[in-house]
Every structure is written in C-alpha cells, then in structure tokens.
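These notes open a run of structures that come right after.
Next, two complexes with subunit A in common: one pairs it with subunit B, the other with subunit C.
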Partner chain A sequence: MSERRIRVLVAKPGLDGHDRGAKTVASVLRDHGMEVVYTGLHKTPAMIAEIALQEDVDVVGLSILSGAHMELFPRVREELVSRGMERVLMVGGGIIPKDDMAALEGQGFAKLFGPGTNTDSIAEYIKEEVARRWAEEGSEA
Partner chain B sequence: MTDATRASLADRLLAGERGALARMISWAENAHAGFPAALEAFWSRVGRAPRLGITGPPGAGKSTLVDELARAVRAQERTVGVLAVDPSSPLTGGALLGDRIRMEDHTTDPGVFIRSMASRGSHGGMARAAVDAMDVMDAYGLDEVFVETVGVGQAEYDVVAAADTVLVVLCPGAGDGVQALKSGLLEVADVIAINKADLPGADRLATDMEESVHIRTAGREVWTPPVVTCSAGRRDGVERVLEAIASHRAHLEDHLVEHRRAKRVQQVRQVVGQRLDHALWVTGACAPRVEAHLREGVTPYAAAARLFEDLTRSLGDLVQEPSA
Partner chain C sequence: MTDTQPIQAPEGREAWRAALDAAKTRGVEFTSISGTPLEPLYGPEDLQGSPEDQLGYPGQFPFTRGVHPTMYRGRLWTMRQFAGFGTARETNERFKFLLGHGQTGLSVAFDFPTLMGRDADDEMCRGEVGQVGVAISCLADMEQLFDGIPMGEVSTSMTINGPAPILLAFYIACAERQGVDPAIIRGTVQNDILKEYQAQHAWLVPPEPALRMITDVMEYCSARVPKWNTISISGYHIREAGSTAAQELAFTLANGLEYVRRGIARGMDVDEFAPRLSFFFDSHLDFFEEIAKFRAARRIWARKLRDEFGAKDPRSWMLRFHTQTAGVSLTAQQPENNIVRTAFEALAAVLGGTQSLHTNSMDETLSLPTEKAVKIALRTQQVIAEEIEVAHVADPLGGSYFVEAMTDRLEAEAEAYFTEIERRGGVVPSIDAGYFQKEIHDSAVSYQRAVERGRKRVVGVNCYTEGEEELEIELHRIRPEVEQEARANLARLRAERDPQRAEAALQAIRTGCHDGSNLLERFVAAAHADCTLGEIAQVLREEFGEYVEPKIL
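Let's look at the complex of A and B:
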C-alpha cells in the first residue's frame, strides 16, 4: 500500500439549510491531510450511502441541526449496511442532546460531537481511529 | 484483506458488483500491490468504452457540462462512469473534492458511477492512477468513461491526454483566449466548448478560438478541433457539444486502435520512468557513483556524461543519443 490517504464523506441529511458547520469541518479535515468529499445540503440517507459506496470512503461524517438526528442517523447507517459498508467509521455532529449521543453510539456510530467541539480534536480522533482499523485490516491479511 | 478476497476482487468487479468497482479504483489510486495482478485478470475486458477527457480553467463549467453530457448518455440508455480529479493541497496533501455536487441528480441512478480523485501531487502518479481507474470502469462494463481535470498543469494534461477525445471547456470572463493559448490547453484539444454563452463575450471568445485553431491547423493534415458554444448551466447547446464529440469519434474510427496504442506507449513510458528513477537513484548505486565523480572536482555535466556512458554500455541498443 504505497500511498493511502484517509477519505472522508461529510454529508448533510435532512432538511435543515445550514452547512457552515459541515463546511468548516470539511476544510479542517482537509487541512489535516484527508481527502474530503462534501455532498451539499438536503441529502437522503440512500444518496449519502450511495456516495459513500462510490467514493469508497473510510469515514462518513453526518452533520445535522434540524433535530431529526434520531430518525435520520440510523437510517443512513441502515443504508450503508445494506450496501455492505458496515465497517465504515461513522461519526456525527450538530445540536444533539447528551442522551441521544449515547443512544446513537450504541447503534453503530463510533462517536458524536456536540456543538463547540474543537474541530482539530475531531480530526485527531478520526486519524487515530482509522489508523487502528487499517492496522487491523493489515493483520488479517 | 485475506488472499481469498484479494483474488476475488477482480471477479466481483467483472460480476458487476458496485462495491468491487469502488474498491478496485481505490487499489488503482493507492498503487495497491494487488493491482497489477488484478488488471491482468480483467485486461481482456478493457477497451470497449469510449473515453472523454474534459479539462479547462477553474470554474469554466466543466462539472456542469459533464452532468449534462451524462444526462444525454443516459437518455440513450447507455451507462457512464465519471472520474473527477481535483487538486491536492501541496502543503498538507489533503483535498476538498467538490465536483460531484454539480452531478447530484445522478446520485442514485444505477447507470451512473461517479468517483472523485485527488491529484496527490506526485508527478506521473496521478496520470497512472487516473488511467488505471478508467480501465477499471471500462472493464466493469460502463458504456462511456469521462474524466474531468482542472487544466492547470502538465500532470492534468497527462490525464486527459490519455482519453480518446479531449474536450476543452472555456468561458468568457476567465481571462482571454490568449491565456488559453499560452497555457497549452488548445494543443491538447480535440473539441473546444465555449461555455456560459449566456454571458457577454462568449461569441468573441469563440471567434478568437476559431482563429487560433485555424492558425495552428491550416494546411496541415491534422484534426481541426471544432469550436462550439453552449450554456451548460441552462441546458442550452449541449447537443452541439455532443455532435462535435461524435465527429471526433467518427474521425478516430479508422485508427482508434493505433491511437490508443500510442497512448498506452506513453503510459508505459511513465511507469518505466518512475521505476527506472527509483531503481537508479533510490535503491541503485547512481548517487554514490556521481558523488565520487564530483569529489574529483569535475563539473555536473562531466559527472553526468560519465554516468550516462556507464548506463548506455549496459543498456546497449535500447539507447540512442540524438545526433548533434
């Protein structure tokens, strides 16, 4: 594997029309050396999963401010699993209450980031987690 | 990844599995150790899809036009793969890949496969990865393959130049035609589309380009790139672009095989160039030998001449120096 880089999909499911946060995270991840595909607003769970599949990303990051995360996040997860992408690292952020974060982390999401999270720490988390998974993959060979 | 799954990724690709297509493109772009053997396995299926390269200055409307061209291909019930290359940051190596936002109507269409690729800066590496990815899409069975790059440098030209037909997209306002000339964009063009024809200056730019093309091609037995205008953003004039592409394809028809073989020679040249460079300078003994020459106080040219002489002796008649 001579030149692998972390590929991330930053996606906005649902109807809210604010993507400043998502764009900020996307550019911070880029500055940390990742290759970031950004979807734009208003994507359905099926669209997000299909893009993740075509782009063969290591990470799917969802951003939502509308409050529909408990409905939409698990649906994105389902769509990914139905495409055989259960191993992709899933993270999310936005205005999400603590209880919901805990619930989602039990449903296949690796980590949820609340408002005001330091964006560099998101990048560091992703780097560590992906490195760990790649090492696991390597040792299976 | 186990050996079993490695062996079968090519089979899964040929069986039409979308996830395998995506993963095989990753192998191509990562120069994965398993890729050359996989290519061997699906090589017999490579070569069916016409390949269109789309390039031009930033923001000219390339992705918007690709979106429309893909729509036209789908209207004929043909499938299409799009490879969208965006530059990597030279500082961090990261990239924001945004071309597919302009193509989102096709997201859930099973007849369209869109893949974003970062240029990753290494010279030659990007063209290699992009050509390999096109081969993968072709073998998978997509009927047409498009590749979009920003027309900014040699590496980007190398990518589109590997396509059968090169479409250069310009637009008024983004500098004048002289810049397009200077950048060398016109030299790679088989078709020139002046996009954003709804904006002032498009007709003028089209006339300038026609003139430049005429100056370059008049009296020579070479293809004369047609210049067409369109407004991809308004879905206007796209059929003229399609016709121009079709006319270049018809022109290629008789010698497509030779045309492609010549491009493959360039691909092999790049691969060999990289391997040779590595074998001579990284793992090989050239650097210490040159250092020894330089220690004697000779000029860099003299050191190079001595090394070259050593090399030609072992390479025999593969090497021919130009007669002075």
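Let's look at the complex of A and C:
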C-alpha cells in the first residue's frame, strides 16, 4: 500500500494581495511531499471551505497580512464546520499580533505562525499533527 | 640607527591574488543579497566605456550621477511618510501630525476595500475597512481627508492602482471644492497596473482596459493637471514580492517602456507625457547593489527614451524616483533592530540620488506603526539630511570601481530581461503567461531557503537570537467602530444625494467605456455627483470584465 499523502489547502482569505508567504510555504510543503492546492487570491470564507471540501484536504492553511484575521479566520472555520469538516487541521500565518494568535488558537486553530518562522518547521509541525490525527482516527475505526 | 634593507614585499595584482587565495576566508557565500557573486576587489579593469558616455554630469544625459545639477545642495529629497488608517478623519489628524513635525509631502495609504475598488459597506469587505490604510469610498471622504490641508500647496502621493483613475477624480474634484485650480495641484498617483498583475495584486479589470484608462489619465492630465505625475512606475512591490534587484530594475523599466508605447499609440507626442512619469523603487539591505540599481535605472531610462523613442525634451529622459525602505527586511524578532536596517537602506537611497523617501517604522511586521515609531523613522531621514554630511556632494560613490561595475552589471542584466520579455511577445503576454510571477516566486523561495539554510544571515532570526522574547513595544490597533461609521456615512450619502444625477453620471461612464471618451473626465463628473467608488468600479467590472490571475502553482 502506498503511503498516504497529506493534502493541504493554502488559502488567501479577503482582499489582501500579499501572496509571497503563502506561495513560498506552498512550495516548501510540496517539497516535503505533500499535495498542495493553492486557492489564489481574494477568496471569501465560503469559497475557501468549498475548495477544501472538493479537494478533501487534511489541512487548511490561511495566510493574511491585511489585519482582517479576527474577522475572516473564524468565518473560514465556521464555513468548514458547516460542511462537516471540523476535523481538518487549521493553521495560519501572517502579520498577526500575539494576542490575536492566542485568541485564534482558542477558536479551533491549531497553530499560528508569525514572520521569521522557518518554513521547514511548518512542514514538520503539519506532518506530526496530521500523523497524530490519523493515528487517532485509526484507533477509533 | 642601523641601516636596514627594505623588505622586498611582493607587489601588484597577482601577488595580491595569490595572498588572497592562500588565506583563509570566513566560509560564507560572498554574494549580493540577490545572489550575485562578488569579487573580493574591483579595479580600473572592471570599468566599461568612457566616463563621458557612462556617467556624464548631474543633470545631464545619461543622468547616471543624478537628475539635478545641484542634487541635494539645491533642495533635499522630499520626506514623505506613507500614512493612512481608519477613517478619513483619523488619517487627516495623522497628516497634520506629520506636517507639524517637518514632513514635506503627503502620501496616502488606502485600505484594501479602496484598493480593490469596493465601498466600505460592501459585503466582501467585512473586517477590512480602515485596516491597512484609510477607507475612501466617495468625494465626501476625500474632502474629510484633506480638511484644513491646502491642496494648492501640499504635494500628495496616492498609492492606488486598479481604481487609480477614480481616486484621482475624487482628488481633482476635492481640489475644485476647496477652490483650488487643478492646474496647480501637485502630486503623484501610482496608477501602475502592470506591476499589480505581476506582484502586488490589487487589480480591477483586465490589462487592456486598465491600460486604456491609464492612457486616459495621461491624456487628461497633460491638458488639465499638468503638474501631476500620472504614473509612479513601481518596482517596490515587485521587490517586496521576492524579486532580485535586477528583476526589480528590469521589470519596472519594462513596464515603464510599455506605458510609453501606449501613450505614443494614443497619438500623443512622447515629450507631452514622458516628463510626468515617475518611478518608485525599493531600497533593500544590500547597500552597494541598491545604489548601483538606482544609478543604472537612470541611465537605462535616459538611453531608451532618447535613443529608442526619440524624446527630445531632457525632462523625458530623466528618471525621477521615490524610494521606500524594504518592508520585507524588517523582522518581528528584536524589532528595535529595524531602526538600524531602515537607516542603512535610507542612506543607500540618498546616496543613489532619490527625489523622495519613505522610511519604514520598526513595528511594521507586527501592525500599522504607532506615532512614536513613525516619528523615529522620520527622524532617521532628518539625521541623514542634517547630521552626517552626505547631502553635499552629488553621486558620492560615482567612480567607485565596485559601484560602477555593479551599475554596469545591473544594466546588462536588465537588458537581457528586456530581450526575454520581447521574445515572449511583450509585457502583457508575459503577464498572461505568468512569466514575471514565476520569476519573482522562484527568487522569493530561493532567498527564503538561503536564510533557512544559514547562507544568508538575519540578526535575531537565524543568528544572535534570543529565544521567545516578549514584545515590549506598543501596537497600533484600529478602532473596531471604523467599519460601522463608514457604513453609516455611506448610507447617509446614498439617501441624501440627487439620485437622478448620480445615475446619469454612472450611465455616462457605461457608454464611455465603449465610445472612446476620456473616462477620467467622466469619473470627475461622477465624483461631483456623489457616486461612490464601488458604484463606479462596478460599472467598469460589468463593462470590462474581471481579471483572473494565471495559475503558477
């Protein structure tokens, strides 16, 4: 049986056009053997959740540098939950003050990554976390 | 005293090279920040051409040494801090604060809804109103932004692209309401749509209709707003998106040359509009590479405009530019160090002969800057201008073997890119094919990898780190009421304006999209009729279609 590959959606919610970070992380995750779908820019929370559902991803990573994270991140989460995807691993990054990161981590986001984060460490985090969740699913089944 | 024989030390270039090769070096990569390998020493053998052809004199072709004969002896660069957040009233207060502290020009930062041509009450804009800049949805907002600021006296730069012609219309209409003749207003609208598709991504409609509106702006302004810079051809966003210095230089100038071609194709004489084109570059951390980039940019532009486009007015040959220090070079770790980075970058811009400068604030990787951080950034420019005596001599690094070699090299790299872009059918087809986007992305990834592998060192990030340090600086927060206030203002505007007049103005734009009228003229009329940005932009989206980015990943 071939090894199950981690499927990741890298998404840009809202009007923010800064995609350097999102695209760089997408490339690095691909180098780490993951299947990565990038949404492109200017996506609404509903559009992102819909793509996540269609692509059947294990991870949704949001990137935002517009300051609208406290509005948009929870809304993406709600849209995913309303599609029965509450188990998807949610991570994010961008220009996000520490207090907001802590708040989001209490609202269903597993981890937020700030500027200066080593991209390999993001990949390692996702691998470990997804492996843990898959193991849990396995034991539940 | 005893007679001693002088020691016969080996001399000359070969001996130096042998000594160098025999010695141990630090074991790091000796490359520019763009990855260009650097020689350990540059000498006369690295110079190309004659100084007359390559350098000339300040204020003379090919302007390598600067665009003014006096350079900063005549007038210092304009200290122009980009600012905008929240409502028009709050930004108006920040403008007055900056003018009160010796800033000499204004620069408006708009929020994402405005940048994307949407009103503050648009459902797409929830959570974004007033966040990264000021929300301007209509003429009334623009009037509040400039309340008590004499528009006939200040010069204003507006960073806006997709909907640039609409915001310029608001500005012109606002000046008219202040009783100021548009013929005397001074400033710049960025209006550089090509780099939006390549890097910054705040577009409105596809490239062809966007270019048509830019040409409308050039035409309208050359007749009626002659002191306005109609496009600020911007490398800044290309660089911030990850390009190298050579890519920033080449793509920006290629875009500039494309605007020149479009103006000529409209039937204008190149000397009618080229003097009103200005540029905007990044000043990154690599001190000498950046100075060389600014010098190369002036030389390439002068040669192209005179020799390829036949411009006769020396003002058409002159590349005048604004500079902003590199936002991407700032670190969230040990943020006070950003003051030092910014100071070096600002110094490179000044030694490279910039006409105006924005210095970033230390806290910008965390949020919009606080007043304190902005003041330090402005003071950094003032220290450069007043204390360190670098503004007295034009092009002080001209003649440096290294800087001249780097200038020549960047010019050659840019020329190679021009050839490649032409081979691909020009700028717009290269955008459609994702060529620039891919080049920039590849450079961004390669730089990120260099930092992560330790080949490029960043203090506080991959060396001299302090672990999980607590942030001790105060953050600027946008008031949560901003969005509600903006929505209420727009509701009032829509209720109180003359609905027939507004509808007629929008209809005139709709027909103007297809009958070859000058759209800026129609936008000014629509501004006076209290049409909103979103309403005007919606007509354009309906008539011209929306832009869909090519996939490169």
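One rule holds for everything that comes next: the second predicted complex is superposed on the first by the 138 of 141 C-alpha atoms of A that agree within 3 Å, B and C clash if a C-alpha of one lies under 4 Å from a C-alpha of the other, contacts with A are read in each partner's own complex, and residues count from 1 in each chain.
One rule holds for everything that comes next: contacts are C-beta pairs under 8 Å (C-beta built on N, C-alpha and C of every residue); 3 or more make two chains touch, one makes a residue touch a chain.
Note that the coordinates shown come from a computational prediction; the quantities given were computed from them, not determined experimentally.
On the shared subunit subunit A, the superposed partners subunit B and subunit C are arranged side by side without overlap. Looking at the shared chain after the overlay, A:78 reaches neither subunit B nor subunit C.
By the touch criterion defined above, A:40 reaches both subunit B and subunit C. Shared-chain residue A:5: touches subunit B; no touch with subunit C.
Of the two partner chains placed by superposition, A:105 touches none, neither subunit B nor subunit C. In the superposed model, A:68 lies in contact with subunit C only, and not with subunit B.
One geometric descriptor of the composite model is the angle centred on subunit A: between the Cα centres of subunit B and subunit C it reads 100 degrees, in steps of 10. In the superposition on chain A, contact is made by A:120 with subunit C only, not with subunit B.
In the superposition on chain A, A:55 makes contact with subunit B only, not with subunit C. In the overlay built on the shared chain, the residue A:129 is in contact with neither subunit B nor subunit C. Of all C-alpha pairs spanning subunit B and subunit C in the superposed arrangement, the closest lie 5 Å apart.
On subunit A, the surface touched by subunit B in one complex and the surface touched by subunit C in the other have residues 26-27, 36, 38, 40 in common. Partner subunit C is touched in their complex by these residues of subunit A: 14-20, 23-24, 26-28, 36, 38, 40-42, 44, 66-68, 70-72, 95, 97-98, 114-116, 118-120. Remark: subunit A residues 1-5, 26-27, 29-40, 46-47, 50-51, 53-56, 83-85, 137, 140-141 touch subunit B in the complex.
For subunit B in complex with subunit A, the residues that touch the partner chain are 1-3, 18-19, 22-23, 25-26, 29-33, 88-89, 92-98, 100-101, 104, 107-108, 113-116, 118, 120, 122, 125.
Residues of subunit C touching subunit A in their complex: 112-113, 115-116, 118, 124-128, 131-132, 196, 200-202, 240-242, 328, 331-333, 365-368, 441, 444-445, 448, 452, 458, 460-461, 471, 475, 478, 549, 551-553.
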